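Here come two complexes built around chain A, the first alongside chain B, the second alongside chain C.
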Partner chain A sequence: MATVTAPAEGRTSSAGAHLSRKKRLFFPFFLPAVTLYVLFLLVPTVATVVLGFTSWSGAGDTPRFTGLDNYGELIASDAFRYSFLNTVLYIVAGGVGTFLLAFLFTMVLREMRGGKVVRAVLFFPNIVAPVALGMFFGIILVYRPNRQGLANYLLESVGIDAVKFLAPENITWVVTGCLIWASSGFYITILMAAVDRIPPYLYEDSDIAGATPWQKFRHVTLPLTWDVVGVAGVLWTISAIKIFELVFVLAGPGTYSPPIRSWTLGVYVFDRSFGDQGAPQYGMACAAAVVMILLVSVLVVLLRRLMRRDTIQY
Partner chain B sequence: MKDYPDLLTDVCHLAKLRNITQLDRVVAMRSTRLTALAAASVLVLTACGGGGSDSGSGGGEAQLTLPGVDEYLNAPCPEVGTKPATDKEFTYWSMWTADEPQGKVLGKAIRCFTEKTGVQVNVQWLGRKLLTQNVAPALNTDTVPDLFDQDVSQVKAAIVAPGGTQTVEDVLDYKVGEGDKRVRDVIPATSWDFPANKDADGKIFEIPYELIGNAWWYNKDLVKDFQAPKTVDELFGLFDKAKADGLAAVSQDGDIDFYNAYFYTQIAERYVGAGGLEKVALDKSGQAWLSDPNLAKAAEPVEKLAKGQYLVDGWDAAKFPQVQQRWADGESAYLFLGSWAPSETREYLSKQGGDKGIAYATFQFPQPDGAEHKVVEQLPLGFAVTKKAKHPEAAKAFIAYTLNKDILSGIPAVADNLTPRADLAVPDSLKDIKAVLESDAEHTIFMDGLDALSGGKWVESVFYPLNNDLLKGKLTAKQFVEGLAAKQAEFWKTNN
Partner chain C sequence: MTSTVDERLGGPVRKPPRKPKPAPTARGFSPLRALGMAVVWLFTALNVLVLYWLVMAAFKSPIEIFTKPFALPSYWIERGQAFRNLAYAWNNAGFGRAFVITVVLVAVSSVAIVLLAAPAAYALTRLGVRGANGLTNFVAIGMGIPFQTVVIPLFIGMAELDLTNNLFGLFLIYVALSLPFTVFLLTGFFRSLPDELEEAAAIDGASPARTFFTIMLPLARGGLITALILNAIGLWNETLLSIVFLNENANFTLARALFAFNSAASYQSEYGGLVAGVAIVVLPMLVLYVLLARRIITGLTLGAGK
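Presenting the complex of A and B:
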């Protein structure tokens, strides 16, 4: 017996030693991460919220507490109104467009020969910096009679009148389009990874039952990727709320802030912090940043609610 | 195959075509990428040798009787007029980079100043964004520069408004190193004595060393039998003639708000005088826009410009600088732009290859009917001294020294730009602008300084959106001023 218990005891004590070693290691591992997190994320976030209630023009200037004045000014400001509405538009319209396109590709790509290559190609725009994309689209979409940009050249060559894509009244929709083009590859990649997990026999079964591609999507693909779609939706919301560079270079000359009608919250915050003229208004920028945090929180919570559902096991 | 001297000549011509000033669109500050080009051009020009070989081959840039770059940079240093008594050093944060033309000129000024006085200059070449990125953040620390530079408008908005400068009024009486000549003797009052250059105490905060102007530009080779317009009707007559000749009348890069604003402000200033628009803009009720009927009248030519289809098709659906390039390509006859127009368009044309140049010529806005103020817009670039400067005396002595004829001549010679001094050579394409800047017209800064109001927020929220609509033909002149009145009242409720 002794021989049996001894190892058992030994095991227990070694497990105990392991546990206490683990405990001893807990703080050395935990503290640096938490310290960094608190220092570089939590503190700045709290500082942003606090500074949102002040008037402050940066380094050394003493922030002056102004209560809700900044928020009052935000609401009264045309620039902010346009920024807010445009941002919501980009999130919603851009999101719907991106996901429609992504779903469409999941329907097609799964069965397509060379789908892997196509997938890789579709991902390419995602590698390019949005600033470069903005400049690129600026050249593609230019309207110049007799020497059109590529887009209008193609339109004219099939007998359609050239369109003033970059005119202020169209720019928001053009940016939405570019956004969808640029980001759908990323979401196609995520969704396709989920689709690849679905057992092929489910599709084979549907084929035998004579299901159309739409039916396969509706009854197999979508239910079985639902949780991934939800996560992708959250990812989209978080990235879309930060939209900045594409708008900055596509809607304006690229060196100055574009006209306020095309602004997003990101542009607003940038302009108030590092705009071309005048002393920085970090208080206002912080207030707008707080609105961004609130907006993204609300949208993400809503989205999670909307997408909530029991996970399907398969 | 070409032999070496020929080849060198070609390179030299090309260099002059591009000429070396590319970077002077200072308001615009877009051009860091051009720095390398400019530097390269300077190097090439150096190889071309100095001594008045500036026979521009760009078509139109005629003989400039300027010293060569080499000659300027190697010339002996002039004497310092007013020497600092105690300071042994000072710090200068520059809006230029060391290797661009103005940087070279100021670099020489620094070398010479140290040589003649023994004062060490700690210079940092920071580039155009220095005010918001460097100077403003440093203001409340103890590491401020003693001296910095930028255009008056930006310095006022970013540094003077929060109280970061001290007056440089005393520099006006510093000697520049030419006998008894003081600063106020060599630069005209119009270049420094105006409201936009005054701080809260009404004292001037900047001494200019370079002037930027603006004008209507046209190509003499393209627009024949040109007669400068004396009335707005004659101006539209020119436009109609251009259209009849199969050209578009006016090129305008519509995605830059402040370019779009030039038309209205240029005309309105002539009705209300220098500083008049700023007063109207500061009216809290906004009613000032309606109480003076001339303000609506000034918008009528702009409305006509829009509704008469005078702007080149597509002006509002392109990205800067595509539309001004269409002017350079000869698609349109006229272009309203600052004195940086030649350097920008020349650079574009040289990149296109070929030897097509432009015979640059300019004229000013004509006097509108019933307008009583002769007004000229300028944008002085100059030096300012920080409030917390540790060595203001040396910094101020350096300002005065920079205005010495033998130092300042580098601005036209090396940088192909205008200075406030009347006795320096003037680049050919800028002669008309220089003449009007030296006339007795009322001087105001670009856009009457509207873009500096409320740190730029006034134009951004009130003026630009409505002005863009006016220029797009969406508003009548009357609706435009009514809109301004309403928006402005709303704006001043929440801003100050």
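Presenting the complex of A and C:
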């Protein structure tokens, strides 16, 4: 009854009490997750940065501080140069290819029957393990006269000479192609979700004005999906920097590292730490891992800069 | 004729007062559009073809795989051993054991991830704590850290604790490394819930903890299930960590077993078994995808939308 006689007072104090009780819940709720996050992700990242300045071959050896020696050695090594350039190539060429394809699809899918089915089919490779994709492509692309994989079988059946897809000199482009094939569905879906939010009357108006598909894309679709394209670009970058299994399985014999011409930074780190050849070089592997973080940070910041503009309200 | 145009452009909702004549170029032949249509259908057909090839090849002999890629399998079926490849992968290459391990590990890890991430996401969005946005970003940064950068110190640390080549150790790592994505995903779901129900519960005298467990969690059920499924998919396919942390056949997960089987199978020309192994990894995902495609697609693309 007290609350009825003094409603205002009672309510504010109980509301205040409730709020503070709510805030007391924060740490028990938040701490377990953030503790694991810090212990298993942030601390190891810092440790990697520190180990990057040391020379260490793992168990039985103690890390020796060597300053920037690892980085000098990295720059001088062929394996690292290939790894770095290939990684950049996959991010840039794979990214441009994926986004061009995705844009082309948004132009067509918007006014196409069965678009939903097409999207669902194209999305599927995204939930297949990259190892499985790699092996699968390995069997499809294999070059062996008289017993060709599916790709060369098709080429030969239309009278074109078979291609050694998996030879070291071709492998980078083949992986780029596989990458575009496997990931375009994801970006098509993201971009289409953004395109579906564009009010249809804008397209009606441009139809009436006689706009070509290219003009509609250039002056309606692109400006109105620009922000989503930016986010998708960031997602692409942080997923493409990790490419490892696909290359490892596709370019090499399987359990051992593939020829260095096909390496990515992910393969380099793995080969120098857990690969089966000789003593591990944890220091070098950590330095290469630091290069990965730097590369992804630089690219993401650059991309955000490039994509920045005023938001459009519609 | 005109009715189809209306339909295509969004139906009768916005009907112009007078039906405009279609502009000359809008209905005419556009090479760019034709090219686009061709590419889209070719690409889609290729995907379907590739899936067909995979399923069929799992039942073929190596010679059939390479010389008759599109034919229906016959060699093993004629010998009354239709499932010979699958049986080989399952029994001889250890996929049977790996399958059981993977199912248990993935299920337990996904549940643990959601149990830890849901309260954290709730705390970040609903408790009115200052600085919560900054903390959310702090957690979200974790999504951008490649696993290669943490794997060496993690391996050393886990070796100290005797948790390498140990499924419990891998479980811990899976849970911890999946948290940033899951917390980020769930903050989106919790943020979208209405305030009113929470206020009503408070007025009725429910404690904040009780409000969370009996009101908000059930409301966020859709989000929790999505998080569960996406984590299950991610961990089912996870390879790098399982390669680093598991080195005994008895502990292998499916992706790890496939990785180990790859070179052995190529040397013995055991392509039938290899394709069957790939199929054992891929087909459960296909079944899940056919059942839950919409939820998976929206869940995975959620972060990018807004």
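Convention: the second predicted complex is superposed on the first by the 304 of 314 C-alpha atoms of A that agree within 3 Å, B and C clash if a C-alpha of one lies under 4 Å from a C-alpha of the other, contacts with A are read in each partner's own complex, and residues count from 1 in each chain.
The definition used in the following text is that contacts are C-beta pairs under 8 Å (C-beta built on N, C-alpha and C of every residue); 3 or more make two chains touch, one makes a residue touch a chain.
Predicted model, so just to flag it, every value in this text is computed and none were measured.
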Exercise. Which of the two, chain B or chain C, is in touch with more residues of chain A?
Worked result: C
Problem set entry | Partner chain(s) touched by A:Pro145 [first = chain B, second = chain C, both, neither] | first
For this session: Would you sort A:Glu111 into first (chain B), second (chain C), both or neither based on which partner it touches?
Result: second
For this session: Figure out whether A:Ala76 sits in contact with chain B (first) or chain C (second), or with both, or with neither.
Result: first
Exercise. What is the contact status of A:Lys242 with respect to chain B (first) and chain C (second): first, second, both, or neither?
Worked result: second
Exercise. Is A:Phe274 contacted by the first partner chain B, the second partner chain C, both or neither?
Worked result: both
Exercise. Between chain B (first) and chain C (second), which, if any, makes contact with A:Pro253: first, second, both or neither?
Worked result: both
For this session: Give one of first, second, both or neither to describe whether A:Gly159 is in contact with chain B, with chain C, with both, or with none.
Result: neither
For this session: Considering only the touch criterion stated at the top, classify A:Gly67 as touching first (chain B), second (chain C), both, or neither.
Result: neither
For this session: For chain A, give the residues common to its interface with chain B and its interface with chain C.
Result: 59, 138-139, 142, 144, 253-256, 274
Exercise. Which of the residues in chain A come into contact with chain C in the complex?
Worked result: 15, 18-19, 21-26, 28-30, 32-34, 36-37, 39-45, 47-48, 51, 59, 101, 104-105, 107-109, 111-112, 117-132, 135-136, 138-140, 142, 144, 147-150, 153, 186, 189-190, 193-194, 200-201, 203-204, 207-214, 228, 231-232, 235, 238, 241-242, 244-245, 249, 253-256, 265-266, 269-270, 273-274, 282, 285-286, 289-290, 292-293, 296, 300
For this session: Mind listing the chain A positions that touch chain B in their complex?
Result: 57-61, 72-73, 76-79, 138-139, 142-145, 164-168, 170, 251-261, 271, 274-281
For this session: Spell out the residues on chain C that touch chain A in their complex, using ranges where they run on.
Result: 8-10, 14, 20, 22-26, 30, 32-33, 36-37, 39-41, 43-44, 47-48, 50-51, 53-54, 57, 63, 65-67, 69, 116-117, 119-120, 122-124, 127-129, 135, 139, 142-157, 159, 172-173, 175-177, 179-180, 183, 202, 207-209, 212, 233, 236-240, 243-244, 255, 258-260, 262-264, 266, 271, 274-275, 277-278, 281-282, 285-286, 288-289, 293, 296-297, 300-301, 303-305
For this session: Provide the residue numbers of chain B that touch chain A in the complex, in ascending order.
Result: 28-30, 132-133, 136-141, 153-154, 157-158, 161-162, 253, 255-258, 313-314, 316-320, 322, 326, 451-452, 454-457, 460-461, 464-465, 468, 472, 487, 490, 493-495
